[in-house]
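Below, subunit A partners subunit B and then partners subunit C, in two separate complexes.
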Partner chain A sequence: MSSTQSTHSDELLTVPARFDQLRRVTEFVSRQAERAGFAPLERNRIELAVDEACSNIIQHAYADQAGGLIRVRVQTEARSRIVITLVDTGKPFDPGDVPQHDPKANLDDMKIGGLGLYLMRQTMDDVRFEFNVRGRWPREPKRFNRLTMIKDI
Partner chain B sequence: MMELEVKSLKKVDVIAVSGRIDSSNAADFDNAMKDLLSQGRRHIVLDLSKLDYMSSAGLRAMVAALKSARHGGGNVVIAEPNERMVDTLKLVGFQTLFTQYPHVLDAVDSF
Partner chain C sequence: MNSVLAIRSETHKERALTQVKLSGRLDASTVGQLERILADAQLAGVRAVVIDMSDLNYVSSSGLRVLLSARSAIRKRNGDIFLCSLGRNVREVFDMVGFSAVFGIFDTPEQALQAADKLIAH
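Showing the complex of A and B:
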């Protein structure tokens, strides 16, 4: 392996928390995943996780406020893993309060909620929520929520 | 970006969706199915041959339509899903909920 070619990458993107930005974020993440060597089907799964996570932030965390931002960080190790971090300054939530999707439920018993969170956990190896993190001002917001999702190749 | 086209046959309606369905446009997909169901049209084929991607927002709309169609004695079936869509359906356990056909015509003939 060439010593000049880095096998690690660390990329940042900040977008307004709006649905019309979803594609921008999923494209950004998918590009890093492709560079790291994730196959197309795995990239689709990563896009799903990121899409669901951002949709939750837009819909719930920033439900009552306009002008919110989502900070996206993608760290990769070539042919090894991807670490996606999403930061928002919206309302925290308790993942335990979200209804659990039951993939074996009958159609009539199937609940509409919880599908997004379920998809995130199905598609990624690790999904970790942190709420009301105290930031190092001014480099970081004073308080923020952080979601970390990790997937190994 | 998503495009949606409804073709109404005698008994069956075919909704062809192309592009990507996510939270930014799933309401259009949801409304297209609701419009048909509210008119008493309960045999729906979703032509997914040109669909690249669907998130839970689209899946929720599909389940709502399926419930409504089945209650009226109809059904919602899927035609020509790509590999990624089949994977997404499997991830949430919907692969048995929606009958899948390799061709739109087979799906139409199933009614």
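Showing the complex of A and C:
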């Protein structure tokens, strides 16, 4: 007996690296998360991580170049996990150079940095950056940055 | 699904008070709208801003940064920002980053307004 219903899915989306595309990406990811069985509060956390990751790419990786793309891949295993991969060809950065947000610090002086990274790490189980990855041409860009975020149900 | 931000705002100059109601999503693509309203309130000499978040279903770090910098600016002029009616998603993000311990957060608009009026009277 075989079931035709797949428990795995693998979806791709490519968008221009612009803030007006944020919602398109978060909706795309959220839809896959819902299909995999993530509850609304969990989906909000996943959307937030993806939003922060894309915002960083738009603002920092592609800061001074127009026409950049973000490639989004969402792999899910039903009732188990979601793996989100974001690929860009912008400037690499060192996550170790980003100031670490401390929620217990005095926020009054408002010198606040690293909020986005902090939220990504809080909301996902695993956040992994790779920079200057050598791509397999022509299926992949020659060099790219890859961010992988994983969350289990 | 609501993908935009709607803002209703009213400034009562005689009370040095601005009331804001946010609906939808506060992210990098929409935060400019709120930034402008908060800057206008500053220019109008407002000392208390009450922000009703009952219909706000999403906030990202872009929104958080604007709220924190507006709070810092208004507090320099002996004013403050009062938030109320945070939904579950928004509340969770505020808790995560430590903002819940910093901002005055109230359960209802009435309570927030009361606190705002008290500050202005001083």
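Annotations
FYI, the second predicted complex is superposed on the first by the 148 of 153 C-alpha atoms of A that agree within 3 Å, B and C clash if a C-alpha of one lies under 4 Å from a C-alpha of the other, contacts with A are read in each partner's own complex, and residues count from 1 in each chain.
As a working rule, a residue touches a chain if its C-beta (ideal position, glycine included) is under 8 Å from a C-beta of that chain, and two chains touch if they have at least 3 such contacts.
These numbers come from a predicted model, not from an experiment.
Under the clash rule set out above, the superposition-derived model of subunit A with subunit B and subunit C contains a clash between the two partners.
Once chain A of one complex is fitted onto chain A of the other, the partner contacts of A:D51 extend to both subunit B and subunit C.
When the two structures are aligned on the shared chain, A:Q65 is found in touch with neither subunit B nor subunit C. Within the superposed three-chain model, A:T7 lies out of touch with both subunit B and subunit C [touch as defined at top]. Contacts of A:R23 after superposition: both subunit B and subunit C are touched. Within the superposed three-chain model, A:K104 lies in touch with subunit B and with subunit C [touch as defined at top].
Annotation: subunit A residues 19-20, 22-23, 41, 44-45, 47-48, 51-52, 55, 58-59, 101, 103-104, 107-108, 110, 112, 115-116, 118-119, 122-123 touch subunit B in one complex and subunit C in the other. If you check the complex, the residues on subunit B that touch subunit A are 1, 20, 22-24, 53, 55-57, 59-60, 63-64, 66-67, 70, 83-84, 87-88, 91-94, 97. Subunit A meets subunit C in the complex at residues 19-20, 22-23, 27, 41, 44-45, 47-48, 51-52, 55, 58-59, 101-105, 107-110, 112, 115-116, 118-119, 122-123.
Subunit C meets subunit A in the complex at residues 1, 3, 25, 27-29, 58, 60-62, 64-65, 68-69, 71-72, 75, 88-89, 92-93, 96-99, 102.
Those residues of subunit A that touch subunit B in the shared complex are 19-20, 22-23, 40-41, 44-45, 47-48, 51-52, 55, 58-59, 101, 103-104, 107-108, 110, 112, 115-116, 118-119, 122-123.
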